Each structure stands twice: as structure tokens, then as C-alpha cells.
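The block underneath contains the structure these notes are about, expressed in C-alpha cells.
Just so it is clear, A, B, C and D label the chains in written order, and each chain counts residues from 1 on its own.
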Amino acid sequence: MIAAPYAWPDGVRGAFAMTVDVDGPTPHLWKSRDGRPRPAELEQRGYGPRRGIWRVLDVLADAGVTGSFYVPGAYAQQNPAVVREIAARGHEIGLHGWMHEPPVDLDRATFLDVTRRALDTLHDLGGGRVTGYRSPSWDMTDAAFDVLLELGLAYDSSMMGDDRPYRLAGITEVPVSWALDDAPFYRYVGGPDPGHPPHRPREVVQRWADEVDAAARYGTLAVLTVHDWLSGRPAAAAALADLLAHVRESGVWIATVAEIASWHDAQGAVA
Amino acid sequence: MIAAPYAWPDGVRGAFAMTVDVDGPTPHLWKSRDGRPRPAELEQRGYGPRRGIWRVLDVLADAGVTGSFYVPGAYAQQNPAVVREIAARGHEIGLHGWMHEPPVDLDRATFLDVTRRALDTLHDLGGGRVTGYRSPSWDMTDAAFDVLLELGLAYDSSMMGDDRPYRLAGITEVPVSWALDDAPFYRYVGGPDPGHPPHRPREVVQRWADEVDAAARYGTLAVLTVHDWLSGRPAAAAALADLLAHVRESGVWIATVAEIASWHDAQGAVA
Amino acid sequence: MIAAPYAWPDGVRGAFAMTVDVDGPTPHLWKSRDGRPRPAELEQRGYGPRRGIWRVLDVLADAGVTGSFYVPGAYAQQNPAVVREIAARGHEIGLHGWMHEPPVDLDRATFLDVTRRALDTLHDLGGGRVTGYRSPSWDMTDAAFDVLLELGLAYDSSMMGDDRPYRLAGITEVPVSWALDDAPFYRYVGGPDPGHPPHRPREVVQRWADEVDAAARYGTLAVLTVHDWLSGRPAAAAALADLLAHVRESGVWIATVAEIASWHDAQGAVA
Amino acid sequence: MIAAPYAWPDGVRGAFAMTVDVDGPTPHLWKSRDGRPRPAELEQRGYGPRRGIWRVLDVLADAGVTGSFYVPGAYAQQNPAVVREIAARGHEIGLHGWMHEPPVDLDRATFLDVTRRALDTLHDLGGGRVTGYRSPSWDMTDAAFDVLLELGLAYDSSMMGDDRPYRLAGITEVPVSWALDDAPFYRYVGGPDPGHPPHRPREVVQRWADEVDAAARYGTLAVLTVHDWLSGRPAAAAALADLLAHVRESGVWIATVAEIASWHDAQGAVA
């Protein structure tokens, strides 16, 4: 049980996945579904589909990094060009709810229904083979895990129980980490519950670089998550470009979450 | 839809606007309108008209920067010398409510009434041709946009849906950004809901410099917003002076919000 | 009304006052007066009289700085040796409530009563001539100002309306500033409402040094406030020592609040 | 009463204790005992027994540092290999509740019962002679102190009333400090009450190094506390390794809390 390095592909110590939660305004639409959305927050988040996602795509292209993009079904439906462009550039597309619903807000039948609709929508828009799920709230329920299995998905990437892929509730889990999420650092939306003052991107990516270096040191996996409406903004995008240059130099394995999940499953098969 | 540089005037990549929300005590007077204002917060904010706005004006003069100042009507009425001095120095003056009322707190008729009164007051005090609106709460309503159009205003500068001027609800929007607002970083007022510990101005302006550099890199617009009672304090003012020196060296177009809105409208006309 | 340097004594530009709010456990005792105090918070704050105040006194002695110490009456009564030592070292002693009561919690008669008792207690313990008041909550009421005048006090030092001494409610005000208070940066007490993670003292004093430098640049006054139970801890005390060395080198006038108030009053007399 | 250096063993000025609160999921299980635990938080905290505690043990082994590990009874029962490994490596094992219950949540009889059960469990699992208690909430009650005495424990290490061992409620207190706890800096759990954005470990340990340096300067004691599920993560563990290297170079006395308590008691005996 002593911490041992994970068996990554030949010649690498540690792995890195670049993931994007392509939320746009959907989280605020869900939260205000029984009330009135704040126009300011809709616009701030609407920056995602209008501008941010395109800049993130450019940053990844410049760095030569292929990532995993989790897109809510409603967002995909309203912004089909985004889904097509993500797919055209060879990135993975995964599930992220219909309207960014936390699993805990839905009963099993509704969760199944919205997940199926999202799956169909991503498929119809050319999203390729969708095999993974990222919970909108980075939380899960037993019913949600059960539905993922019923739908034949290959992995979930929402929990934090390990620093390498692991098995949870019958499915392969590719774990995330709050320290590698841009939202705690950048999200500030004003209004009655504004959030913490937004951190300086140049400092945030230095911290993320530490996490990547530690993954290389301990043989673990660092899954970075950014959001279209946050890291797509100019200063954050410029900092992200710097980080990806660092990641490439660090020698870790850069792969999509689907690739990492497959690797884990294959390891398990031979173990 | 891929992120493309915006067409700025000849020879520049990126733009910068220096804006000042000249609030003084008005936000606290509005929030405590049904209760009792805290004398300490009134004094802390009263630093704005007493001292802060004059120091900000000096910092801008030393840097040779012309800015846009959004002044609530009640503040203007109580501090006419401030309005006259802003105008005498050639800065733009814009609307910022009567008593810093968030649009969502007012029905259409009241919003129209207070906006008209503020317009008349600024005009009577020599504020020049007022063509722009900055929402006190950096939020809007349909009714508020409608009133801006009815009053023939040229632009709004309160929303965050893009990183360059854009069209929203029938009017030209010159977008702001929380990361370029001094309030999340400096506002700490004590009492039951004090806010976050005030950040170090020297570090805050380094972060703002990153945003200006990113505007130059990506061809976008950086709209900085400071407050009389926050950035007018000595250490913050000294840091602001350093930032403005950096902005001048960065080669971006430095313009008032009205000038940027006009440029956008002219581009649209020829496009 | 343009920001002009204040007329400080010959040869100096800017002034600095070292003040100490000697609270110990009194704020928590007041807040929990109708309930049950948390033993952990009493102990954490009890560090002040047990250890912190003595270390702060040593830091000031090493730096050759004379300060102003505001001591709640109940604290003085329970820790007479503290009051005697502060006085013996030549520091100013001022009022800070009886049990650290915010003025807004008391009616005029009660405020008068507790202030009188505190005045008598400080006097009886050898606190010297007490001429100043520092509000425990850094807030005031009309009644509280009125009582200060009735008791013949020379100044208040609790408000933030200026960056130099000024006149407020009939008394000389020597203003404080949240950015120069150690509590927003260091106070973290655990329990249900813990506060913000404590800042690194070495960085906090760099920020305070900026404030002192800005006072020298703009000819203003920087009033630093530390607390016995916060800045008396080892790393904070070491950082405070570094700051005071910087202050001495900066060439500002270092004086007690009483001296600054007297200077202001004398200037007013000849103006 | 003037701050004087504490009498540490020959040749050292200042002391350092490395402590680990081995919580895993127990705090969340206790808090949600009447509701439903969040699976995400259980997984995030479950990182502790699955991975974090083993990495912390390795970091300490590499640094040659012997520490004090406070293990809730339920955690020990569910993870006996952890307890055995801690003991096998020569570290001290101490009490930390049964299910991480704050003492204030329990009446005397229940506190006695859970503490006894935890004591028996740690003993049965080979935890060695358990002589110390660390409150799960870093708070105490009179009843809790009373029970510690009844059970014949040698020390408590939960309060903050001094910067060296002291006597409190009839027992030797080896004080902790919020500034030397990783939780305020690293704990971010998402959900409705997420916490503060997680700090950068490299900066946190620089701050802790300041605290150790200040302990050496003033002759005091620095008790560091880390958590299995927080400092066991890769970047935090790497930073902790750097800190321990600094501690070793600083020349302070590195000892377990039990050793420090014994030293204090022996000093008292001869004083």
C-alpha cells in the first residue's frame, strides 16, 4: 500500500490531461431555473461560446496538445459550430449533463433521460465516439454511476479519490483535483455571492506547473480543467500557453482522458 | 468565429480605457436606505470626494491619460467642484445612476426618472455631452437597456460578454471585466460583512499589466475601472501611476470609452 | 481641494504612528456575552496578555519606536502589569472600551458609563494622561462622539475619512486604515466562522512598507495598528521588526497619535 | 513576564514538532451523520488512507523526522495497516476522537466513552503507549479536559494560548497554531460551502519556514500540523519535503509532541 509509481507507457514518469469544461452560461441557467437569471452573469459566461472557447482551441493548437472537452447538451445544441470545431481538431468530446445539472438534483430516471439526450445530441453534431462523463458539480450519486454503466460509458472523470486512474462504483475513474481547476481561482461573478477575488493567471499557472512537476516526481496523473468563459480570457489564455509549454518540456505523457482510461483498463487486463 | 484581432486604429494592436466609478458614499447610502448607514463606512467612502478623486485626477494628469468618469447624480450634486474639475481636465463624464441604484432594484419608470435627473444634473454642472452609461451594479435589465435607447445614449459599459466592443440589446457595449476592477481587490469595509483582506496594490497592478499585455497580444480591449475611495488612497495611487506608465509603453490605443464606442460604431458603418 | 501635502514638522514629508489595540480575549467575551465563549478562541486571544504584548513591547524597544496602546478597561483591570509596563516604557495609553464594546451596541448612558470606568481604571493603574479614544469596532455613533467631547478627550482614532488628521463631529480625528491593520490579514480563529487563511507576515509587512513609502511620497499619515494576540506571535513579530527598521529609514515623522493630534490642533490654531 | 526564551535541551534555541491529523473521511462522516454525506467529499478525503498517508510517511522517512500522528478510532479500525505502519516507523500515535467528534458536540459521558474506545482500538492495533490527545475541532470543553485527566493522559495538543508548552486545566498543553496548519491553506471541498481557493504549497511552506525561523529566533516552539488527505497530495508532499530539509538545517530541536510534553514536565519538576 506504500505509494508506488503508477505504470505509465514506456519511458514516461507521470501523465497530464488537458480538459475543458465547456460550460458557457448553462450553470447559471440551471441555478436560476426557478427564478430569474442575472443578465450580467449570463453575459460574463456567454463570453465562453462567443470568444473563450475559440481562444482555448487556439492555445491548444499552438501547443500541439490534444484535450478532452466536456460539453453540456444544451450548449452543444445552441453552439453546434463549437462541437464541430472541437471534433475537427481531433479532441475528445465527453458528457457534461444537459443543462449542467448536478447529479444530486436529479432522480435516476431524469438523470438517465438528460444523459441520453446529451449523448444523442453530441453524436448528431459529429462529436465522435463519446465514452466519458464529467459531472457538472464534480459530485456523483449511486444512481448516476449506475446510469453511466447502463449506457456503456468507459469512464467517469469527476472524483478525487486518487492521483492516478482507479476503479470506483464499477467504472474507471480518472480523477480530477480542485488545485488543477481554474474555477476556484478565476470565478468571480459579482452579485450577492460574488466569489473570491480573481487570482493572477501568471501565478495560478506557476502553481499548476508545480503540480505537473510533482506528477513527474511521484509518477502520478495531473488532470487540468479549464473553462471556456474563464481561461479563454486574454491574460488567462496567455498564461495557459506558458503552462502547456512547461508541460511539454516536463516529459510527462500528455493524453486525453479517454486514452488514459483505456491505458488503465488495459493495465488491469494484464495485471 | 475563430478569435481574430479586432480592427483598431492604424498601427495599434489592442486598446485600453481608464475608467473611474466615482462612487464615494452613494453605494452605502443606497444599501442602507431603509436602515441606518454605518458612520465608519460613510467616512471610509467619503474619502473619495474628500481626497481620493483629486489624487486620481493627479495621477492621470501626470501620466497624460484621458479617462472616463462615471458619476452618480447625487454625488455630482453634492460635489459640483469634482464634476467641474473632471470636465476641465478634458475627461469624459458618464452616467452612474442617481444614488448608485442597481437597475434591478428599479422599475422602468423609476429608472427613467433617476437617469434623466442624473443626466440633467451632470449637464447643468458642466459635464459636457454625456453619451455613456455604466451600471452601478455592473448588471442590467431589459428595461434599463430600453431606457438608454430612449434617452439616445451612445453606449453602455457594464457587461462582460466580449473582450472588444460589441452590440447588445440594441446599443454599443464597451465591456468591463472583474479582473480589471479595483473593488474585488481593495474593498474591505469592516462591519458584519467586511469583504476579503485588501490586496497589495503593487501586486494588483502587476496583474493588471498582464491584462494590458494580453490585450496587446490578442488585439483585445482592456477597460480598467478604479474607484475614488479605493485607488485614490496613497499606496494604490502610487501603484496606479506605475501601471499607467506601463500602459503607455505597451503601445496600445489609450482612449475614452466614448471614443472606443464611436470607433466601434464607425467600423460597423463601413463593414 | 486638489491633494496637497499636509504641513508636517520641519524636514519631514509624511508621518507614521505605531498603534496597538491591546484586545486579548475581550472581543470574544463581548460577542459571546449572551452565550458561551469558545475556550479555543479565549486561549488563542489569551496569547495576547500572556505573551504577545510583551513581545510587541520588545520589538518597539529594539526599534526605538514610541507607540500608542489602546487598552480595554477590563483587560487593564485583569492585567495591571501590562498597563504599568506600557506606561513605564513611555508609550501613550488610550481608551478602547471596557469589554471591547462596539459603540453601536450601547446607548449613550451606557457608553458614557463604560468609557468613564475605563478612564478611571487606566488612570488608577498609572496609565498617565489619557487623551485619546480608539473605537473597538472602528465605528462610531453620534452619541459616542458626543461623550468623547463631554469627557474632554483630545482625539478619536477610529475612522477613515482622510489620510491626515482632520476634524469630525467636533473632535480631532487621526484616521486609521484597513490596509494598515493586522487583523484582516492575520485573524483566523477556527470555529463556524473562521476568517480568511492567515497571510504570510513577511508579505504583509512589505505591503505596509509600501503604505509608509506612499505616505512619504504624498505627504500623508500612515497609522499602523497591530494586536497583541496577532502581531505578538513569533513570525509576525519578526516581520514587524523588519517593518519598523524600514520606517525609520524612510524619514517620516514617527510620533504617537496624541502627538499627531496635538500637532494638528496647533496647526489649526495658527491657520 | 517579559518574553524570555524557553529552556530547551542543551544547545538548541527553539523546537519543532511534526504532527499529522490522520482524518481521512471521518470529519465529513461526523458532520453529515444526520443527513447524507457527499460522495465527492468522501472520495476527496478518502485520498488520505488510500494514498496520502503513505506519501506523508515516505516524506518523513526521507527527511529522517519522527512525528506525532493523531488517528480517529474509526479510521484506525477501518485502516489497521496505517496504524501498524505508523507505529512500525517509530512515530508517536495519539488520540483524535472516534469519528472526529468536536468535544463540544458530546456530553461528558459520551466523550469519555468514545475516547476510551479510541484508546483501546489504538492499543489493540499496536499503536504503542498513547499519552496524548489532539482535539478534532482544535477546541476543548471543561468536561473534555477532565476526561483526559481521568484517563491519565500526559498532554493535550489543541489550544493556542502560548508559543511553548504550558499548563492548562491541570494538564500539559503543547500548543498548536492556525498558521502552522495545512487545512486553512489547502482545504477546498466544493459543494455549497467550498472553502478558500487552495494556496500554492511552495508558498505555504515558505511561510512555515518563516515560523520555524522565528521559533529559532525567539526560542519558541513551532508545531506543524498536516492532514493525510491534504499534504499527502503530490505537490504538497514535495513542498513538505523541502520544508523538512529547511527545518533540519535550522538547528531547532525536532521532537515528538510526547517528548516535548515530557521535557516540559521534567523542567517543571526541577524548577
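Here is the rule we use: a contact is a pair of C-beta atoms (placed from the backbone, for glycine too) under 8 Å apart; a residue touches a chain by one contact, two chains touch by 3 or more.
What you are looking at is a predicted structure, and each value in this text was computed from that prediction instead of being measured.
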| item | value |
| --- | --- |
| Fitting chain C to chain D on CA atoms, where both chains share a sequence, rotation angle to nearest 5 degrees | 90 |
| Same vs different contact residues, chain B with chain C, by half of numbers used | different |
| Length of the line joining the C-alpha centres of chain A and chain B, rounded to whole Å | 35 |
| Whole-Å gap separating chain B and chain D, where each centre is the average of the chain's CA atoms | 49 |
| Touching two or more other chains - residue numbers and ranges from chain D | 196 |
| Of chain A, residues touching chain D in the complex | 1-3, 104, 135, 137-142, 158-163, 168, 177-179, 184-185, 196, 199, 203, 206-207, 210-211, 213-215, 217-218, 220, 222 |
| Contact footprint of chain D on chain C as seen in their complex | 38-40, 43-44, 46-47, 50-51, 54-55, 57-58, 81, 85, 188-191, 194, 196-198, 200-202, 233-235, 237-239 |
